[in-house]
Amino acid sequence: MIKGLTRAGIGEAGPINNFVELASRFGFGAVDAHGQELEEWIAAAGSEQVRGFLQEKQVRIGAIGLAAEWRQNEDAFREGLPRLVAEAAAASKLGVTACCTYVLPSTDENAARFMAVATRRLRLCADILEAYGIRLGLEFVGPHHLRTRWKHPFLQDAESMLEWIDTIGKSNVGLLFDAYHWYTTGGTAADIAKLRADQIVHVHINDAKDVPVTEVLDNDRLYPGEGVIDLTTFLQGLDRIGYTGVVAQEILTPQPPVDTAEALAARSQQAFKRVYEKAGLA
Amino acid sequence: MIKGLTRAGIGEAGPINNFVELASRFGFGAVDAHGQELEEWIAAAGSEQVRGFLQEKQVRIGAIGLAAEWRQNEDAFREGLPRLVAEAAAASKLGVTACCTYVLPSTDENAARFMAVATRRLRLCADILEAYGIRLGLEFVGPHHLRTRWKHPFLQDAESMLEWIDTIGKSNVGLLFDAYHWYTTGGTAADIAKLRADQIVHVHINDAKDVPVTEVLDNDRLYPGEGVIDLTTFLQGLDRIGYTGVVAQEILTPQPPVDTAEALAARSQQAFKRVYEKAGLA
Amino acid sequence: MIKGLTRAGIGEAGPINNFVELASRFGFGAVDAHGQELEEWIAAAGSEQVRGFLQEKQVRIGAIGLAAEWRQNEDAFREGLPRLVAEAAAASKLGVTACCTYVLPSTDENAARFMAVATRRLRLCADILEAYGIRLGLEFVGPHHLRTRWKHPFLQDAESMLEWIDTIGKSNVGLLFDAYHWYTTGGTAADIAKLRADQIVHVHINDAKDVPVTEVLDNDRLYPGEGVIDLTTFLQGLDRIGYTGVVAQEILTPQPPVDTAEALAARSQQAFKRVYEKAGLA
Amino acid sequence: MIKGLTRAGIGEAGPINNFVELASRFGFGAVDAHGQELEEWIAAAGSEQVRGFLQEKQVRIGAIGLAAEWRQNEDAFREGLPRLVAEAAAASKLGVTACCTYVLPSTDENAARFMAVATRRLRLCADILEAYGIRLGLEFVGPHHLRTRWKHPFLQDAESMLEWIDTIGKSNVGLLFDAYHWYTTGGTAADIAKLRADQIVHVHINDAKDVPVTEVLDNDRLYPGEGVIDLTTFLQGLDRIGYTGVVAQEILTPQPPVDTAEALAARSQQAFKRVYEKAGLA
């Protein structure tokens, strides 16, 4: 499993080439990026140069975010489609195979109606991504406070997300599986063992404070190994089902970190070293 | 538009051949039926004989109900599929082109999850029906008391049902459009004018008591023309958009009617005559 | 049915606004256009202005062509998708509801493999167009010389095209129905009567020389009423099934016409007048 | 990878319970079966008893054949659907997860039209199987003599089959990968390495005579290790991509084998032992 970074937890890493450079320096094999910054990078430097740079640095782009706005109204969704296509085209030139979006566990909309509309929209996004060899990863969100943050419950665990993925009915749609959400939904080793590697598009890693699980806040995360999530079980579970993709750190915090990107990358490197070793992984 | 009967409002009409006979005698061109009774009828009499009888009586089968149990758990759904296939096969031998099911406006399940599961199940039902040349009509249900009867809101009007139909994404899925639900969702002439005829799989007609629309009860219906629904607008609207299918009477009542089937069929014939004439239809 | 023009048969009609102007002047209610010229027109004049101009001239855009190259390799297809999205977005701003492409009756590729690939590609095109409220019209091509022009037979008539449309499985895909192809595939009144109006996305009209039908050349067409196609049956058939969309003239010729656009538009106006009157249409 | 048997190459193995018994006795962990014989077995013995028997014998059902006739006309296809549903229901009770059908490399039909129709039909089969947790495996057929056996070429290799699987667009559809067809299509280690384990639904193993590959006949197969196919590369390749499913022997021969089922099962056991050991597999 490839160690990766997102910008969440890394501070000011600068433009994408700097971020890649930084990740490379601290032993990471992947970074998550915005599709638009990839598009601009390619426009500025040429796709061959960018591919060469990534290869030299031994860093791949782990995933991009989903550009289309599928949560609001139809006009907003339509308006995002040209962006989605442009970003998918750019990302595919760099060999990116994952595009991700999160799904909140409650909504102010009529949940059934929103689900019907979202199914149609995400299926179209998956259709388009498929043409570029990219998979769509859907992230279920676990922290309990978000389950009642909006009026009606929405999908709240891996199981219901997998059912939705079945309904979307595209073979290029799977889970973004995040340690924080696995933990806050009471996930076990058995839950991971039930998954097939090909159901997982992307993985996020992080840690949680030692408070009752029902009180864990979504944007108050720790670096891997600094909290109470059983990341040994998490990593071993993923390894056992044959997942060989990216495990990207994502540390959402109430305030941006104050340390330099170097210091944070070094801290992240140590964090990964610790949890990987503890799990018996290289 | 073909005048049709369901058994709701007709009392004890006996086996399907008697029901067809009765409908024919009182000027109806269609009856709704259970798929299973068609299957048994064909098994007993032969499909050619049954087709001949229907032709002689100038009565077609307007629609059958959806046999598969799509609202409960997965095992129940699976168990219903052989029945669905058998009934579709039987119905198609009699030229039936519509199969219908209703969708309640609230649910005790997580509405998003139920929607995801129901989308997958109804798509499969539509796939199977399509192989037999049959369309699937989904009926939205309007009475307000049912919107809070169960814990979470579900689809509650024609507009959200049409969005769901888009999501199901099969060209053989459309609306079962019922005057009672049109009325109780505040439907207007404009709402009908926005529909295309090919979006309507089947139509139900009936009437509502003169109580505030928010207090109209689902199972307390009147015969067409005996209540306050503007059936002239309803029928003219359907005619104007080019709907030429069956308009079947469905009178749900708290107690079964006490009159004979003959008396009720005669009453229905008068009811149709009145509302069709008022709408300027043949 | 709205009388329409394509540029084929009209000579040098100039930029799109001139073409609309010309069409309007000679009594046409629609012109077919390239998506890209609509996009550029909107970029130059603003979509509100363009809509206003079209409304003032009482001319709609009948259909645009399908921008994505679905017939060649996967790279070419991918490269066309941003164009498709951009043109669909532009077209939808002008209320365009049809996008069309033709399907040749033979191919040098393995026909089964090409069909499999083309099905996937056109489904994605239809998915994207659907998001913009646009339908995809597929044109079967009738002239016999094209059936053996390439190595293997491909789809050669309306019936097999309708089967393909079923397979594509999107409710926004239908036929581009062209009088020339109807004639050269031996089409009859009964063949039109079997169609539903909602299966037809767009119509082309033209006429054929008085040679054996097997010798009719695809790019040697006449103006409506100047040849041997029974356009009375064609137009009456479409009218009877309830088609109310655009009937656009498309006259492919070995050499570009030498007359002025005005002269050709006048000739076309007369041609339409003749065949519409003969068919008893307004 | 689980060693399995089909009846092809085993002679008269008797009813399914005897066949399972025989397979178990000679060290096989799977047998392929007809859905109908499973259905009848369950009807006679009860599904719990059958499951118990299979568990006791340590034999699973590797795959069933696809009951629906998707190659002929629409009526034949429809008529097979009740059978498909019944067999899927029966098979799912025994934990069967694979259902397979072969695809001939040429056809007398218009290949494009047949492909369009077959895509729709197999998608429906996959839809139904999916409801029962069963995958559909499509087998490409390699022997060259079958490529010109019928009038028009159809799909002739793994690559085009995978394209078709993409087009069918169901995540439960994949390859039945047969050593004989891999060999006769010039398959290499690299071709297997490009596959993902989840793209393979089922595997067949056998061997080919030492004649030019273009002259290899489909129904003239040898037992594994008795011919010229590089089964070491074949098995290692499958193992390396993580395939852990059934590898079932299928020996089609011009005449039925004359030996007893015991003798043939023993010979098969030796054949598997030899090729597995040579490939360094348990």
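Worth a mention:
Letters A, B, C and D name the chains as they come in the text, with residue numbers starting at 1 for each one.
Everything that follows uses one rule, which is that contacts are C-beta pairs under 8 Å (C-beta built on N, C-alpha and C of every residue); 3 or more make two chains touch, one makes a residue touch a chain.
Predicted model, so just to flag it, every value in this text is computed and none were measured.
Common partners of chain A and chain B, by the touch rule above, are C, D. A turn of 180° superposes the CA atoms of chain A on those of chain D, with the angle given to the nearest 5. Because chain B and chain C carry the same sequence, their contact can be compared by residue number, and over half of the numbers here are used by both. Averaged Cα coordinates give chain B a centre that lies 38 Å from the centre of chain C. Centre-to-centre spacing of chain B and chain D amounts to 44 Å, using the average Cα coordinate of each chain.
Among the residues of chain A, those touching two or more other chains are numbered 123, 169. Against chain D, the residues of chain C that register as touching in their complex are 107, 110-117, 119-120, 123, 152-156, 160, 163-164, 166-167, 169. Contact residues of chain D toward chain A in the complex are 169-171, 196, 198, 242. Listing the residues of chain A that touch chain C in their complex gives 77-79, 81-82, 85-86, 89, 92, 123-124, 127-128, 130-132.
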